[in-house]
Each structure stands twice: as C-alpha cells, then as structure tokens.
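Encoded as structure tokens, here's the structure I'll be asking about.
Order of writing sets the labels: A, B, C and D. Residues in every chain begin at 1.
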Amino acid sequence: LDGDTTVVQSSTVSVEGTAAATETVRAQNAAFVDAPVSGTVGPAEDGTLTVLAGGKSEEIDAVEPILEAVGDPVVRCGEAGHGTRMKLFVNLLLGDMMGAFAEALTFGAAQGLELDAMRQVVEAGAVDSPLFRAKGENIADGDFAPRFPVDLQFKDLRYANEAANDAGVTLPQTAAARESFSAASAMGHGEEDMAAVLKYFESVAGLTVGE
Amino acid sequence: LDGDTTVVQSSTVSVEGTAAATETVRAQNAAFVDAPVSGTVGPAEDGTLTVLAGGKSEEIDAVEPILEAVGDPVVRCGEAGHGTRMKLFVNLLLGDMMGAFAEALTFGAAQGLELDAMRQVVEAGAVDSPLFRAKGENIADGDFAPRFPVDLQFKDLRYANEAANDAGVTLPQTAAARESFSAASAMGHGEEDMAAVLKYFESVAGLTVGE
Amino acid sequence: LDGDTTVVQSSTVSVEGTAAATETVRAQNAAFVDAPVSGTVGPAEDGTLTVLAGGKSEEIDAVEPILEAVGDPVVRCGEAGHGTRMKLFVNLLLGDMMGAFAEALTFGAAQGLELDAMRQVVEAGAVDSPLFRAKGENIADGDFAPRFPVDLQFKDLRYANEAANDAGVTLPQTAAARESFSAASAMGHGEEDMAAVLKYFESVAGLTVGE
Amino acid sequence: LDGDTTVVQSSTVSVEGTAAATETVRAQNAAFVDAPVSGTVGPAEDGTLTVLAGGKSEEIDAVEPILEAVGDPVVRCGEAGHGTRMKLFVNLLLGDMMGAFAEALTFGAAQGLELDAMRQVVEAGAVDSPLFRAKGENIADGDFAPRFPVDLQFKDLRYANEAANDAGVTLPQTAAARESFSAASAMGHGEEDMAAVLKYFESVAGLTVGE
C-alpha cells in the first residue's frame, strides 16, 4: 500500500471493523473508501445495485468508475465508514418493512381477505414498493428460496439495534421486528428467504396466507 | 330503500358498524356495498384513490360506474364488510411503515448520515415507496401540515390491533408502532401529519433529522 | 333506590360501565361505591383478597363492615370509579410480570439452567413475589389448571392498553405482553392458567421449562 | 496456579469471558468456580446477597465457606459459567419488572390514582416484591440516587437479549424494556437509579407520579 493506492471495501462488515480497516490503510498513506452495496440477486444481474460510498470526496472520485461498474446509483454517504452505516440504516428499514408486511398479510388473511386482493391494494397505494411486489409474488408462489435469508436479516437487525443502543436512539418497532426474525429462525426458517418470517406469524395464528 | 336501491358506504367506519349497516339495508331488500377509499389528498385530486369494494359481485357491478368515478383502481375485496377490513389492513401497513421510517431516519441521523443521502438510498432500492418519497420530502421541508394526522393513524392502528386480538393474530411490531403514535400524540403532535411521529423519536434521541 | 341505599359494585366492569352505573344510581339519590377485588382462589379462601374501594369517603364508611367481610385490606382508591381503575392498574402489572417471568424462564432453560435453581434465586432476591412462588410451583408441577386464565389476563391487558391509549400513556412493554398473551390464546391455551403464556415461548424456542 | 488452587470469579463478566477464564484456569490444573452475586447495597450490608455458584460440585464444596461469607443463600447453578448465566436470568427479570412497574405507575397516575394507594395495593397482593417496596418508597421520596443505575440495568438487558438471540429464545417484552431503558439513558438519566426509567414514561405522558 502506498499513496497511489485506494482500498475499496465492498463487503459488509461492522462499523467497528470498518473503522479499524480505515486506520490501518491510512497509516500506510493509502486511501480508503468503504462501498458496500444494497440490493440482492435481481439488481445485481441488472446492474442496479446501490453503491453506498463513504470516504473523502477526492478519494471517491478516484475510484468512481469502478464503483459505477458495480452498481447504479453511487450514493455518497459521507466519510469513510458512512457507507457501512448507511447499509445498516437501509437494512433496518428493510427488516422492519418485511416484518410489517408479514404481520399485515397474516392479519388480512385472518379477516378473510384474499392474498391477490391484498397485493393489488398494496401495489396501488402509498405503501407500494419493489420489496412488497417481489415478496408478495414469492409468497403467492410458496417460493421461499433465499435471496436474502432470515438469518442475515436477523443479524442486520441485531447490529442496527446494538448501534442504536450505543447512540441513544430508541427503536421499539425495530426491536419487535428483531424478535420476530429471532422466532422465525428458532422455528427452523433461518436459511429460507427473509419472507419466511411470515411463517412465524402463520404458525401462531394457525393459518396459511394465500390458501 | 327497496330492491332497486344499492347503498354505498364510502366513509370509514368500524367492522361492526359496517356489519350492522349491511343487515339493516338488506332487511329492506336493498343492496349494500361498502367502499371506503385508500389514499389522501394527492390521489384524491388525481383521481387515483383506491376504492376498496365489498359486496355481492352483481351488486358491485351495479354501482361500478359510480365507484370508478371516485377512484382507480376499484379492488373487489370480497363480501360486504371486506372493503372495511381491507382498509384496516392497508392502514396497519401504512402506520407500521411510517413508524419504521421514523425510527430508521432517527437512527441514521444519529450515525451522522445526511437526510438527503438517506432519501436517495431509500428511493433507489427495494424499500422505495410513494409514502417514503412524500414523507421524506415533507420532513426535509419541515412541513408537517396534516394530510393524514397522527391521531387518525393512531386510531386505525388501535382498531387493527383490536381486530387482530379478536382474531388470534399476534402483531408485536404493530403494537410497538401503536405505542409510538400514542407517544407522539401525548407529546402534542396528534393533529400534525402522521410523519410527525418522527418528533417523538427525535425528542428521545435529542436530535433533529435533516439539521 | 333511595337516599338510604348504597350500591356496591364488586364485579369487574369497564371504567365506562362503572361511570354509567354511578350516574344512574346517584340520579336516584342513592350512594355508589365500586369495590372490585384483587386476588384469586387462594386469597379468597383465606379472606385476604384486596378490596379496591372507590367512592365518597362517607359512603365508603357506611359499607366498610361489608367490605371488610369480603377482604383485607380495604384500600381507598379515590372517587367512585377509581376502584375499577386500580383493578386495571394492578392487573396490568400482573400480566406484565407473568409475561416477564415466562420470558425469563424460557431464556434460563435455553441457557441450561434448572427450574429449581431459577426459582431458588428468584425467591431469594428483590424479584421475589407471591406470584412467582405460586406460578413457579405450578410450572414445576406441570399444573396449568386455571386460577386466572390466559384469556382473562389477555382481556385485562387489552382494557388497560386501551385506557392508556386514551390517556396518553405509552406502554411498550405492556403492549408486548398483550401480544404474547394473544399468541398463547391463539395457540390454544386461552382457558388454561395465565402461567400457560409460557407455552407460547416454549413453542417458539423448542424446549420445555423444567424438563 | 496448580491443582490445589480454586479460582473464584465473583465479578460479573460476559458468558464468553467466563468460558475463556474457565479454560485458562483448568489448563493449569486449577479449579474454577464462577460466583457472581445478586443483590445491591441493602443485601450486601445485611449479608443476604445471593451467591450464584457455577462449577463442579466438589470444587464448589472446597470454597463453600468463602462463598457463605459473601452471601446467603449460595445457590448451585450448574457447571462453571452457569453462575454468570443465572445472573443474566435474574437481571433480565429485574429489568422487566422495573420497566413494568414504571409503566403501571404512569398509567395509574394518569387515571387519577394516588401513589400511596397504588403502593398499598401492590404490597397487599400477588405482585408484592422487595423490588417494588424499595423502588416505590424511593419514587415517593423523589430519591433516584443510584443503587443500581439505569445504564447498568440497560447493559444487562442488552447482554441478555443478545444471549437470547443467540439461543433462539424470542423475548418481545424484554426487548421493549431494553428500549425503554435506552430512552431513559438517552434522556439523561443513565447514572440515576434504575427506578429513573420512570422519568421516560413521565416525560412522554406529561405528568409526575406522586405529585
């Protein structure tokens, strides 16, 4: 490593791990950019992963062509380490939304609503999202093959909750989502897609959404 | 009321109220369709409210032109009363998402992330939704004028939670969201837009998102 | 009813029901005292039920001998209706404690701790309580015969949560307990003793406390 | 260290730390007993701390006189490391109970109940506990001098929640309590006694219990 080198860290590690890596790299006069990506299989194939770049502005400039080859858009999140923090932010929101969708679908099914009708209403309104479209279709198909498995989403909710506890941010809903993913994992669904958090709620309610 | 009449109930009332109205109307040989709408000011102006229609198929047929004048799409939710149930379903999801967004933004701000960057990442990914776009912009503008106020969202979360309790569906995350809206209301934000649930989290964390 | 009569309401009804009864009785110049009791089978047999008396001081005086025959102590809770409110207060605490005990025991069992040792530690410390002694023994015996069933505790948590929502008091832990009792009821344990909320946690964790 | 030595670890460290210490000590043929204590200032002065002993039976025998000098009772919790696990178990329950008491008192105060009456009812019933007696008195006195501060209780709830997440035990109520202690700490009460979690609930509700 020397002053002509920029180290790009694109794997997702902890905030502490990123800080340590930054320090090590900079001690050798090299530049450090953390650039985890957000998105899973579909976006990766389409080149539409979001790159979460953290680092000094000129250091990100230096590697921007590489980052743009990885995904689009490249979002500048702040200093080195802020890419990793942004990843926690968005995965916290992802986990909360998946948990909320699972609760809502179980609620609706118990009220006698058809899955197709629920999906149609969701997709027509303010709550429409690529997540609910994809997971709604998977659930309708009974397809829980892991794009992003329960156990990884669970892990990210734990990291985010810990970081929030360190920072004085109360997160009651995220804490509840975390416990639901914990339950889904404990009941044997840890390696299935995150949408399988639904199976925990179905098991308690004694019903299956979409049947 | 007689056999040539169809009563269309488009206001949002309780599931029990709708059941009582259905019975009363049918006792006089008239037809009953419940058709609450989902969506607020923007969609109403654009004619893109979602109409949640419940009733016998031929009875909905009879009033479909009227419903189509109110909004688009008209989603058939099942029997009379299922429009009302669908409204609870979607507003439960709406409240959970708003609460989750508020937690995530407060978390991100405490991590040193800029609101603009967080919004950009949200809008580029699986969690993108009209809700987060609209509320993200409102929060950036400090605009909490009520489209759908905290107290109405709080009320819907209470109704949904009660209905879930009656139906044997456990909803820990929704219950947590409900308590957050309760807190926001207690702290004086009940008449502001539902996005003001954020102010409860900001108050605890001692920060303001976007500043 | 006339000015020489005092109506004593000792059943547990809602706060609203008590208010209506008070008004009706007073309209006829009779006195009204609400006096629900706290405690179940054991205390009832021992004469150690707690009487939660609400009413004007002189009106409670007039019926105190009767109340003292029902239980001991007779606690003066305030105006008419405050006996009922006190009952909600103490049953909220009861439900939260039972839920917490169930979580703690499941946690301990998963950590490899014996039920006997856990009970011994609880009974030696600050958390010792008649509730944990009685329920700890019942759980050790596999005895879930209903002293106070899951469904009644669940109902009281719902009432208390609703009253708190009306009053601007946020109750995240109580809301979580409520959802756990909901789950236990949904899984078929509604008519068993409130200690059977444990079975919900055991079911998720895949273990049985005390085995 | 040699075969005649028994190392007694009485400070509270993590489960992992205890496991590492056990291995190190045993590698030198010495014996290891973990023996954290449960209880705070009062019990320490009275000699009634509970000693939570983990280790091989004969190894605990060898140091029992020492443990009995520290506290009474000495509870045998299982193998080395189980003393530490038992400490997490009982402090989880302690935190949940304190959080529940704070919610209940805030609820009661909002219902117009006097603190004295609430304490009297608690102390007469199944929920009576040394914890509620001591903290009830402290709250009545406005005395939040730290016996066991908010931040330490918060830390223990985090450890317990993490251990539960590792073990597949869902803990929604404990997770909610953890977030309440987080909020109390964030609002500036971290160094006050754990009873100051009450101040978070009071702040949201806009009232002060006991006034």
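We adopt the following convention: a contact is a pair of C-beta atoms (placed from the backbone, for glycine too) under 8 Å apart; a residue touches a chain by one contact, two chains touch by 3 or more.
What you see is a predicted model, and the numbers here were worked out from it, not measured in a lab.
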{"item": "Comparison of A-B and B-C by number of C-beta pairs in contact, larger one", "value": "A-B"}
{"item": "Farthest-lying chain, centroid of Cα atoms versus that of chain A", "value": "C"}
{"item": "Interchain centroid distance [CA atoms averaged], chain B/chain D, Å", "value": "41"}
{"item": "Distance from the mean Cα position of chain B to that of chain A, given in whole angstrom", "value": "24"}
{"item": "Centroid spacing, where centroids are CA-atom means, of chain B and chain C in whole angstrom", "value": "34"}
{"item": "Multi-partner residues of chain C (at least 2 other chains)", "value": "164, 168-172, 175-176, 179-180, 183, 186, 204-206"}
{"item": "Interface residues, chain D side, partner chain A - complex", "value": "154, 158, 162, 164-165, 168-172, 175-176, 178-180, 182-183, 185-186"}
{"item": "For the chain A and chain B complex, residues of the former touching the latter", "value": "38-40, 43, 48, 50, 52, 73, 75-79, 82, 85-86, 88-90, 92-94, 96-97, 99-101, 103-104, 106-108, 110-114, 117-118, 120-122, 124-131, 134, 160, 163-164, 167-177, 179-180, 201, 204-206"}
{"item": "Interface residues, chain A side, partner chain C - complex", "value": "172, 176, 183, 186-187, 200, 204-206"}
